[in-house]
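Here chain A shows up in two complexes: once beside chain B, once beside chain C.
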Partner chain A sequence: MKRLLGVALGVLTAIGGFLDIGDLVTNAVVGSRFGLSLAWVVVVGVVGICLFAQMSGRVAAVSGRATFEIIRERLGPRAAGANLAASFLINVLTLTAEVGGIALALQLASSVEPRLWVPVAALAVWFVLWRVKFSIMENVTGLVGLTLVVFAVALFKLGPDWGDLAQQAMTLAPTSTETWPTYWYYAIALFGAAMTPYEVFFFSSGAVEEKWTAKDVGQSRLNVLIGFPFGGVLSIAIAACAAVVFLPQAIEVDSLSQIVLPVALAGGKLALAVVIVGIVAATFGAALETSLSSGYTLAQFLGWSWGKFRRPTQAARFHLTMIVALLIGVAILMTSVDPVKVTEFSVVFSAIALPLTYLPILVVANDPEYMGKHVNGRATNALAMVYLVIILVASLAAIPLMIATGAGS
Partner chain B sequence: MILSDLLDTPVTDADGTRVGYVIDVRFVLDGPPDGLLAAPRLHGLLVSPRTGTSFLGYERSGVRSPAFLARWFAWRHRGTFLVHWTDVASVADGRVDLAADHRRWSPTLTGSTTER
Partner chain C sequence: MTLVRRVAGPAAAAVAVASLASCSLGGATGTEATQPLGDAVDAASSAVATSQLATDLLVRHRATATVVDTALLDQIHVLDSSTFALMTALPGDPAAIDLRGDAIQAVADAAAAVADARAWTNSARTSPARTAGVVGSLDDSADALDEVSAAIEGS
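Up next is the complex of A and B:
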């Protein structure tokens, strides 16, 4: 019974933890501009993150080594250093977007200017990182984040023309007002939103934090393989809500208030309150995860002691890194930059940096010296190679498309 | 000397012919890894004839999967060998010179991996 509860809790937190500001913004923007014609990318992204998280979780559980320790060990100091620089920067960018997301959600609830909320949000994130136990932090934000199910409920209450939505999902082409380059640019953005590198740093380091062993591989696989696809369904529901409300009016989503508008239309004030709670939980949880990831990557690369299972005094540089990363995020947000824009860039840069972390994990997951009998099977490797190609193509195409489309505008 | 002095450095043999680049170094521990006297000893250099990029550890064992990646790296680093540190004549000016009678060893780690 206890085991069953453990599995249920793991799956539920995986669903709630899947969505972050990147998924919210990108799916709503894409829904409002392309309808459901890019929904297939969410499916591709979810299968990809399942594969990747499952591999890195297994590597961490069996070998006790987190992702960046492996990158440092396998790529050698120089390539790994470049990798660290890229991963760390993108991670801070994502962290900035998440803290901005908390502030925007709190603005919706309070009408107080987001820049006043930013320091408060960052302070709250830091406090949780400093004081709260890893498992509690993870479970609470994940479970509260589940309230984003309200997007799926809202979609039903909006009473859309299901045939029309299905038609959109089957049409793998841009709507008449959009061009092919923008279509592919947003395809990469959606892919990057589903497969953000920080999720993998966090997932593998979290496995070490929670002291997983080879015995826990089965449970982690269940969490991922059930939780993430449900998260993907919620992503598509967000896009569908935007497609129903905004696409016919040709309104492009560019703020958080628009993202939640379909929910408010369908369910009134109560639904709006629920969705705001959900967004705060999802962005807060992701802000914790990205802050931790910045500490994990740097500490693992440089061989510092790391982890929330240690007291802050025993992992001082790890905690200092997280504080500095948070302060950088706050400083960026204080320039009045639009967090929604930051988010749009962060998901594309995530897609660009993805091969850097994917390749070392794939190689190590095949090495019996680390993995013993838990090496990748043939089927996993076949799928992993397909994804290596997809990830490489997305990474290489992102910058040219960004320039060609003026970042999707 | 630090590791960066060696990595990526061109390697030449006694006649001055370039034989490759240092891609990694290998250490041995003479005792258990804890305690003050267990400092690792530099055993040798891994030299790849064509490139200074990483071999991602494929040189250490007979790992053959994922097949495509393993083949690609094996091809890119074909002819990689290990030279013992005692066979290195000098390290200077961003160049590693090997002794005239140096011997090329297989880069594979013996007695590791798959047997476990």
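Up next is the complex of A and C:
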């Protein structure tokens, strides 16, 4: 019974923890401009993140070491350094977007300017990182983030023409007012939002934090294979809400305040309160994960003592890295930059950095020296190779498409 | 050979500068001239439609004042960007210049309507006449923008 509860908790946390500001913004923007014609990208992204997250979780559970430590040992400092540079920069950019997302969500609840909320949000993130146990931190934000299921409820309450939505999902082409380059630009943005690199580093380091062993591989697989697809369903629900309410009125989504309006339309003030709580939890949880990922990657590369299972005095440089990453994020946001724009860029740059993140994980997961009998099977490797090609194409096409479309404008 | 190089370098630079200058200062004509106007008016129409939705939710007690206030403030930023885009557009032919004037007026009226709606959102909202006025102004702005948009498309 206790084991079953553990599995259920893990799955629920994975669902709630799947969505972050990148998913919220990108899916709503895409839904308002393309309807559900890009829903297939969410499916491709979710399969990809399931594939690589379960791989990195297995590496950590079997070897007892986080992925980045092994990458450095297995591939040498140069290749691991390239991985570190890309991952760390994307982490900090994503962290900035998440802290901005918390501030924007709090503005919805208070009407107080987001720049006043930014230092408060960053301080709260730091306090939780400093004081709260890893498992409590992960479970609470994940479970509260589950309230974003209100988007799915809102979609049903809006009473859409399901046939029309299905038709949109089957039409793999832009709407009449959009162009093919813009369609592919947003396809890459959605893919980057679903496969953000921090998720796998957090997943593997979290496995070490929670002292997983080879016996826990099954549970890790269940968390990923059930939790993330349900998270993907919520992503599509966000896009569908935007497609139902905004697309017919030619409303372009460019702010968080617009994303919650379909929920208010469907469910009134109570649903609105629930969705704001959900957005705060999702962005707060992601801010914790990206802060930790910044600390994890740098500490694991440089061989520092790391982990929340250690007291801050025993992992001082790990904690200092997280504080510096948070301060950089706050400094960027205090320049009055639009957090939604930061988010849009962070998901595209995530797509650019994907090969540097996922190729090393695949190499390590195939090394019998670390994995023993738990190396990747043939089917996993075949699928991973297909994904490496997709990731490479997305990475190479991202910047030309960004220039050609004026960042999707 | 040296003379050719001496002349070719500055000449190429002069051509490049002249090309860039023509890009930035030359007036555009035809569809090229009206495309930026159309984009700016579309963005303004989107902002007004969002404002109508947000205001309607508040009238029907389906949203809180803080959310509607934030939504309207965000749309004021969008209208500000539209105004800037229209002000800095350089249409070449007289018809497009007239359209630009109409578009600037329509967007300015829309900004005033959204600002008024925001002031109403932050007030006690007890007067039905004031509520009707706010909703009516937003509807009128939406109609005016639709007319300008149709004129731009038809030009």
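Note that in this section the second predicted complex is superposed on the first by the 409 of 409 C-alpha atoms of A that agree within 3 Å, B and C clash if a C-alpha of one lies under 4 Å from a C-alpha of the other, contacts with A are read in each partner's own complex, and residues count from 1 in each chain.
Keep in mind that, in the parts below, a contact is a pair of C-beta atoms (placed from the backbone, for glycine too) under 8 Å apart; a residue touches a chain by one contact, two chains touch by 3 or more.
Because the structure is predicted, anything quoted here is derived from the model rather than measured.
When the two structures are aligned on the shared chain, A:108 is found in touch with chain C, with no touch to chain B. In the superposed model, A:258 lies in contact with chain C only, and not with chain B. In the superposition on chain A, A:157 contacts neither chain B nor chain C. Of the two partner chains, neither chain B nor chain C is touched by A:374. In the superposition on chain A, A:341 makes contact with neither chain B nor chain C. In the superposition on chain A, contact of A:360 is made with chain B only, not with chain C. Partner chain A is touched in their complex by these residues of chain C: 42-43, 45-46, 49-50, 53-54, 57, 61-67, 69-71, 73-74, 78. Interface residues of chain A facing chain B in the complex, by the touch rule stated above, are 73-79, 359-360, 362-364, 366-369, 372, 375-376, 381, 384-385, 388. For chain A in complex with chain C, the touching residues are 107-111, 245, 249-252, 254-255, 257-258, 260-261, 264-265, 268-269, 272-273, 276.
Note for the complex: chain B touches chain A at residues 3-4, 7-8, 23-24, 53-54, 56-58, 60-61, 63, 65-70, 112-114, 116.
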